[in-house]
Amino acid sequence: MIAVLKHTATKEQIGNLVSWFEGQGIKVHESEGDYCTVLGLIGDTTKIDIDMLQSLDIVEQVTRVSEPFKKANRKFHPEDTVVDCGGVLIGGGNFAVMAGPCSVESREQIIETAKRVKDAGATLLRGGAFKPRTSPYDFQGLKEKGIELLLEAKAATGLPIVTEIMDAEHLPLFKDVDVIQVGARNMQNFELLKALGKCDKPILLKRGLSATMKELLMSAEYIMSEGNEKVMLCERGIRTYETYTRNTFDVSAIPMLHELTHLPVVGDPSHATGRRSLIEPVAMAAVAAGADALEIEVHPNPSKALSDGAQSLTPDMFDGVMQKINKVRSIL
Amino acid sequence: MIAVLKHTATKEQIGNLVSWFEGQGIKVHESEGDYCTVLGLIGDTTKIDIDMLQSLDIVEQVTRVSEPFKKANRKFHPEDTVVDCGGVLIGGGNFAVMAGPCSVESREQIIETAKRVKDAGATLLRGGAFKPRTSPYDFQGLKEKGIELLLEAKAATGLPIVTEIMDAEHLPLFKDVDVIQVGARNMQNFELLKALGKCDKPILLKRGLSATMKELLMSAEYIMSEGNEKVMLCERGIRTYETYTRNTFDVSAIPMLHELTHLPVVGDPSHATGRRSLIEPVAMAAVAAGADALEIEVHPNPSKALSDGAQSLTPDMFDGVMQKINKVRSIL
Amino acid sequence: MIAVLKHTATKEQIGNLVSWFEGQGIKVHESEGDYCTVLGLIGDTTKIDIDMLQSLDIVEQVTRVSEPFKKANRKFHPEDTVVDCGGVLIGGGNFAVMAGPCSVESREQIIETAKRVKDAGATLLRGGAFKPRTSPYDFQGLKEKGIELLLEAKAATGLPIVTEIMDAEHLPLFKDVDVIQVGARNMQNFELLKALGKCDKPILLKRGLSATMKELLMSAEYIMSEGNEKVMLCERGIRTYETYTRNTFDVSAIPMLHELTHLPVVGDPSHATGRRSLIEPVAMAAVAAGADALEIEVHPNPSKALSDGAQSLTPDMFDGVMQKINKVRSIL
Amino acid sequence: MIAVLKHTATKEQIGNLVSWFEGQGIKVHESEGDYCTVLGLIGDTTKIDIDMLQSLDIVEQVTRVSEPFKKANRKFHPEDTVVDCGGVLIGGGNFAVMAGPCSVESREQIIETAKRVKDAGATLLRGGAFKPRTSPYDFQGLKEKGIELLLEAKAATGLPIVTEIMDAEHLPLFKDVDVIQVGARNMQNFELLKALGKCDKPILLKRGLSATMKELLMSAEYIMSEGNEKVMLCERGIRTYETYTRNTFDVSAIPMLHELTHLPVVGDPSHATGRRSLIEPVAMAAVAAGADALEIEVHPNPSKALSDGAQSLTPDMFDGVMQKINKVRSIL
């Protein structure tokens, strides 16, 4: 960490600051210029609160040289982490596809979808039981009943299941779930992250709508620092000013995160784009950029008018996407 | 709500959709153009899931004419809501200032600050006991001990207290707190919002880092729809690409929210700017734009080197800011 | 176009507005609801100024159903446009790679780079002669001399050349240039666009740093409406809050633009990411998402220390990227 | 400027880099840590291309300690600049209001508006003759005829005039204009900025839609480095994800720019918000935050239905806003 001090800083103020750092076990390397003094801080600076430091009157600027995340950092853990998701491996060259409906709606719906996506090549089943919705008046999911239906679909197909948690209190309901998902809105629900850090299940952590990659990694660090290192990160689109797409899929986050961390990186083209026609090209882009897994919404094609056009792919369309994805995978 | 259907929609598809709407108790007004068919939907459309509708194959575009929030909507509640915060009124012409340290650190610190901000004219004491921090390695607050110290400061000064909650499980600890704050990162922690909707205390709901005003109002609606209508909204800066300031204070959100809702609107210049020198001008701007209250960080000026320069105002600086604010208030 | 009028609009005001539309040759379809009146506007609404309309007191909301771009619109021109760039075709299944240094620096540099990128499979040579720089104190390019050197490199290799224009006055210097590039900062320099619309050369129009796709298409429309329909669009990263990458490459813009327009879409992974290590994965993602061409910075590897690490790829690295790109192309 | 080198940098590489800096006349202060080497660069580093440096393989991070702008920098010019705009002073405590229609439409319109805004207290007349429009099909302004009409209005009222330039070629038409405005879209049209740097007229430089304050200052530097130091900066809203307002008015940019530069700072609440009801509160906020001037759209209230509701204020509304502004000014 490097702190640049203002040229107005007095010797006494600088001395006080240096002593304080040394009291924290940090070695300080001072170099004085014409216009400023530069302090190089060596040691475990993850404990230093950069905002506090930046706000000191005598400080011009503070820059971290080493990243504030440790357990998630590739520098200290160069090998790819491989996460075992109910028998399906993700990361370190192991590729997987999680597919299924946005929400679990009924036994028929989830079992039919599970069978269809399995046939097409998906290796995990996703489905929402607890649904975070912007409006309190929108459908909030089947909750525990939804999890039961997912477990039935798992029994019927053998596919491990992925489903979202919204509150630490619900954890007991997730005891047979294979992968617990943390949604974008809860990426910085730190109490939830800490609770998940104490359980022994793979966590799929989605990037917040306007979270930086560093914040995403710090949220992973919350889980890992409590003991659970089975964390997977998910790029699912960030909020920008563009309106043709629901969010902007940050494809460069995939290779960038691979540089920064050893954790697997998953791409979610469905939520990122919000447009069925864009799912295939964005899924292919994510795979070409090195994603370790994809999460894709698929909904069966029942007879009611309304479901006809859901944003999700139909199982037939998903077949086509899987073939394209497999082609891209084959050349990597 | 208006749904524009694609010119490729068949009569049968349109008929199915219209029947489905009618089944939801919504009157449909159909008008056919050369290039598209337009459906005007009249009735309680708050229950309609706009994303789902938008994703149908035959739908080109969906536009809400009426807002999806009801209880927070000024159209249905034209009078300003006045919230009683432990005896201090906010809204409807009643102006208040909440001041105090970012975190409660010690008995001396919080009591001294409380006395000083009271003398300067603050009417509520703020202080963090549970602290949401990006890093798990940063100070997480004194927790229950912090709330106890706030209550001691309240006893010493008579100032009602405002402090942040991070998890619904902690609610019993807040039973003597006057105003419960929901931080930006938890603005869409819907389980927490629902729990707060069941208690009978004023809630200060901060706008998420990249939340639209509509999403902020929908989060207020989560609390209100459970029965608690004592909600105050807080503009505290949104995330943009600018780096000189920590966030960008959206001053136009103050009058815009006043148009959209009857709830009081609070401005927080400290978190918005992250720079001590900007707190005064941005506080004045917020007041000039019609804020019903301000929340400002103030920290006493102890002898240790480190606290010298904290981003918070010193009590002396706060005195100055209060005088300027009072001048602006006097001409409104 | 659909205009929703406020319920406070009087019959007379509505009548005036309807007459005004009819005076513009637009058919109006009125439908009255309980809370609002909806006007469906049929005809050539591209002439209607949506901002002006939106600002009328009696108007609640205006929504365009058809896009405001005509010549660039795929609806009116379903076939892909193929642009002939000095003999190299781009679009409609024809794929090309434009490679070369950010700036032309010397005869040796540009000729060596041209030879190396040609050997690796590039089909056009790019190089900056006029350089838009944020700072007036930074190198502004070799200008006319730079164009001369590019033409020498073209003579030596046969590669058509692509270079950026910054002012319509410089157009005579571009008479032997094969493709004229408009940089992101000039995407809405309308006087320049109009001048380019009057010349008969392919234009590579880069998306502005915070331009929506619609604005990009409207800028293409400026060129096309003056008569020059040889326009190619380029996604080169948009500005977001993320700081690990220079910009955020909007990969979904590639398929989205392909839906909206018949013009070729080019991806520029070098400017988007600003990091050498991300160029290959983002290039592959762009190709997988359907890009018609790529623009990649390549710089030879001379002996001076400084150029060692330039952000641009070395020719050897470019060889590797071309092989990966060709593999992805082969499966599409 | 501080460059942090990677721990993988060899002694030879570091030596080469240090020599290169010294060759540029920059003193290098090297300090070696356990994990990295830090170079402190002292001297005129404005010539150093930070992007190029950042892209070197051995460089981890580069941070500017001093700002890259010199002539606009308050450090080197602590006194406020006062710009004489045809007799009206702006900056250094001198406050002005520029008011008038978005576009000049006719002699009657502009002369009536000029008289009305003068009566209400405006000190300059603004009006668009050349109009940058997103669509080539929208009204592009009366051009030279518009400037003639502005000059007539000036003759009739004595108000100096402000109008926008879109191309350096048009400069001769601006010879009697008092203040030349550069619009947001042309903030980085560097050829135009350089041309304006060679003339002797006040320039009102508007912040680009997604320009950082640093980029705005660098654009001012382009003008100033050519000799023209009469530059005024204008905050007019930046692009964010929020949709209730057209742009987000960055009120904190006003005091922040005042810290960074000695140039006057103008606020434009009309373009920032795009909503008539927000102009008054945002104008008051801008003044409370220390703006040196405001630019406000005012349009007379003719009998045609369409102009009734234009976003611009009517002259009567403008009277009210001026009274409020004057009150806020009176307490500063």
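A, B, C and D label the chains in the order they appear, each numbered from 1.
Keep this in mind: contacts are C-beta pairs under 8 Å (C-beta built on N, C-alpha and C of every residue); 3 or more make two chains touch, one makes a residue touch a chain.
Because the structure is a prediction, the values reported are computed rather than measured.
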Chain centres computed over CA atoms; the one at greatest distance from chain B is chain C
Higher-contact pair (C-beta pairs counted), A-D versus A-C: A-C
Rotating chain A so that its CA atoms sit on those of chain B: what angle is that, to a multiple of 5 degrees? 180
Between chain A and chain B, the Cα-mean centres are separated in Å by 26
In whole angstrom, what separates the CA-based centres of chain C and chain D? 26
Where the CA atoms of chain A average out and where those of chain D average out, how many Å apart are those spots? 39
If you average the CA atoms of chain A and of chain C, how many Å lie between those two points? 31
For chain C, which residues are shared contacts with two or more other chains? 210, 239-241, 275
Residue ranges of chain A in contact with chain B within the complex: 13, 16-17, 19-20, 46-47, 49, 51-52, 54-59, 68, 132-139, 166-169, 185-186, 188-192, 194, 209-210, 215, 218, 221-222, 225-226, 239, 274, 276, 305-306, 308-312
Complex contact set, residues of chain C against chain B: 2, 4, 29, 31, 33-36, 38, 40, 42, 60-61, 63, 65-66, 239-241
Chain D contacts chain B in the complex at 210, 212-214, 238, 240-245, 248-256, 259-260, 272-273, 275, 277-278, 281-282, 284-290, 327-328, 330-331
